[in-house]
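Two complexes are shown next, each including subunit A; its partner changes from subunit B in the first to subunit C in the second.
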Partner chain A sequence: MAAIYSLYIINKSGGLIFYKDYGSSGRMDTNDSLRVASLWHSMHAISQQLSPVSGCLGIELLEADTFDLHCFQSLTGTKFFVVSEPGTQHMDGLLKVIYELYTDYVLKNPFYEMEMPIRCELFDINLTQAIQKDRVVLLGR
Partner chain B sequence: MQFFGGSEISPSPPAPTALGNNAHMMYVFNRSGVCLLYREWNRPLHTLNAQQDHKLMFGLLFSLKSLTAKMDPTSAEKGNLGVPQLPGQGCSFHSFRTNTYKLSFMESPSGIKIILVTHPRTGDLRDSLNHIYNLYVEYVVRNPLYSAGTPIRSELFNTTLDQYVRSIA
Partner chain C sequence: MAPVGPRTGDAIFSNVERVNAELFTLTYGAIVRQLLTDLEEVEEVNKQLDQMGYNIGIRLIDEFLAKSNVSRCIDFKETAETIAKVGFKMFLGVTASVTNWDADGTCCSIVLEDNPLVDFVELPDTCQGLYYCNILSGVIRGALEMVSMKTEVTWVRDMLRGDDAFELQVKLLKQVPEEYPYKDDE
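For the complex of A and B:
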């Protein structure tokens, strides 16, 4: 079964605004998740500098021994990245669904301050549903 | 851990672009960050000068290794971020992909890092990198005139490498 280990959302300055862990033994405390998010933001930017051709938008997929990291960057610079099992399919689709949920339940929330940590209940509920549905669909195959 | 070596000898200059070669460029670093080899076949965009480019590449890989070791979801006990990892210790990444290129990475147990930058739709190049490492051992390490930690200046190695990389893509 394809498993998502965790989800991070970082704002355009590299600060972590959302972190959710879905049951991995590598669960991190707040400080570490903040550091990891900023580090990823910098690595994403540096990878654009090292491109041999112009028009590079940054890392989309990082493949490691025990996990894959899929990253989606919106046009405004907000990055959504998901740590999943190696070889998980359709993570790009999932990231776009999460982006849509973000625009609907976070950005359209009049009490939400831009670039601040996300504390929107509806976003959490719908996010959990989207990820569960993803699992069920994959199980059913 | 001492980085970047003392001397400023630059690696062998890139050969004129070999036509029909689909790979963009290749780097070989040793464990201190000295760039032993830089081959360029197809690189329209140069953002930085050679020295800075090598340092940036090494720095990126060093930090990415640190990041993957920390983010490993299967191991509970990890060191802190930024602690240099020994080769083979902790989870390491083997490739990353952007919209314009794919970078494949391999680190040998002795700390020799081989990086190959290709077009984004390349498949898994781990076996190819292993083969390149074997070429390095045969043509460079076993050459009695080569001293470790210095840039590689072997025409035979370069030619064999070019031929092999052309055959991968």
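For the complex of A and C:
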């Protein structure tokens, strides 16, 4: 069964603004998740410099033995990345859906301060629904 | 998974939820009237409208990028065309045109024949210095700043002041890509 382990959203300065854990193992406390997020931010930036090809926009997929990491960076610098089971399909599509949920339920909330941690209930609710729907679709295949 | 191409302004406009145009015009009019009452100075109102537009623009840009699927524009010319054809269509339901390019391609005019903000509006003599639609200049400035472009947006022609169209001059001041502080010994 394809599963998502966790979702991170990083603002353009590399600070973690959202972290959600879906797996039963590998749970991280706040400090660790902050550390992992800034590490990823730096690695993503370094990969753009290291790339032999010009116009590289950074790491999109990291494949390891026990997980895959899919990353989407919007043109505004916000990064959305998801850690999932190896071989999980359609994570790019899911990341785009999450980006749209972010533009709706986070950015359109006038009380949300830009670049700050996301504390929007509507975003949480809709995100859970989107992930559930994704799981159902994947199981159905 | 096959990448989805960019969508046209019409396609997106027909898919998003829309609001009654009169309600939109009335709401904007109420904002401007209230600002005039609170601030009294026309210049101050112009500045506030621009600031409000800026605050909208910095959030609007992600919505625009998410819904329109545009990829990074290669040059400022493409940026201006995208704003006029896709941006204005998507958010205001009107198409604008881009003209008056300068020699290095950093300054252009976006011309609006139709502007839903000003339906039924006439400027009284007491408010002659007012840029009624100044929120739009703020929106463009804010949105472009979030994609690393510092711009200056000013009104060249304003129908409420007697001109024949609405013309915004958009000038690219500089591109500011994200700088990473690799060197500590600067």
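The working rule: the second predicted complex is superposed on the first by the 140 of 141 C-alpha atoms of A that agree within 3 Å, B and C clash if a C-alpha of one lies under 4 Å from a C-alpha of the other, contacts with A are read in each partner's own complex, and residues count from 1 in each chain.
Please note the rule applied: a contact is a pair of C-beta atoms (placed from the backbone, for glycine too) under 8 Å apart; a residue touches a chain by one contact, two chains touch by 3 or more.
Being a predicted model, the structure only gives us computed values, none of them experimental.
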(request) Mind checking the superposed model to see whether subunit B and subunit C fit together on subunit A or clash? (result) fit
(message) Just to be sure I read the superposition right, which of the two partners does A:17 touch: subunit B = first, subunit C = second, or both, or neither?
(response) neither
(message) Touch test for A:75: subunit B only (first), subunit C only (second), both, or neither?
(response) second
(request) Have a look at where A:114 lands relative to subunit B and subunit C in the superposition and call it first, second, both or neither. (result) second
(message) Contacts for A:9 in the overlay, against subunit B (first) and subunit C (second): which applies, first, second, both or neither?
(response) neither
(request) In the overlay, work out which of subunit B or subunit C sits against more residues of subunit A. (result) B
(request) May I ask you to decide whether A:90 touches subunit B, subunit C, both, or neither, giving the answer as first, second, both or neither? (result) second
(request) Please work out how little space separates the C-alpha atoms of subunit B and subunit C at their nearest point after superposition, in whole Å. (result) 11
(message) Need the overlap of the two footprints on subunit A, from subunit B and from subunit C, as residue ranges.
(response) none
(request) Could you please specify the touching residues of subunit C with respect to subunit A in the complex? (result) 1, 58-59, 61-63, 65-67, 72, 146-147, 178, 180
(request) Would you pull the subunit B residues touching subunit A in the complex into a rising list? (result) 24-25, 42-45, 47-48, 53, 56-57, 59-60, 63-64, 66-68, 70-76, 78, 81, 91-101, 103, 117
(message) For a test of understanding, state which residues of subunit A touch subunit B in their complex under the given definition.
(response) 5-6, 24-26, 28, 32, 35-36, 39-40, 42-43, 46-67, 69, 83
(request) Name, in rising order, each residue of subunit A that touches subunit C in their complex. (result) 12, 45, 74-78, 89-90, 92-93, 96, 99-100, 102-104, 107-108, 114
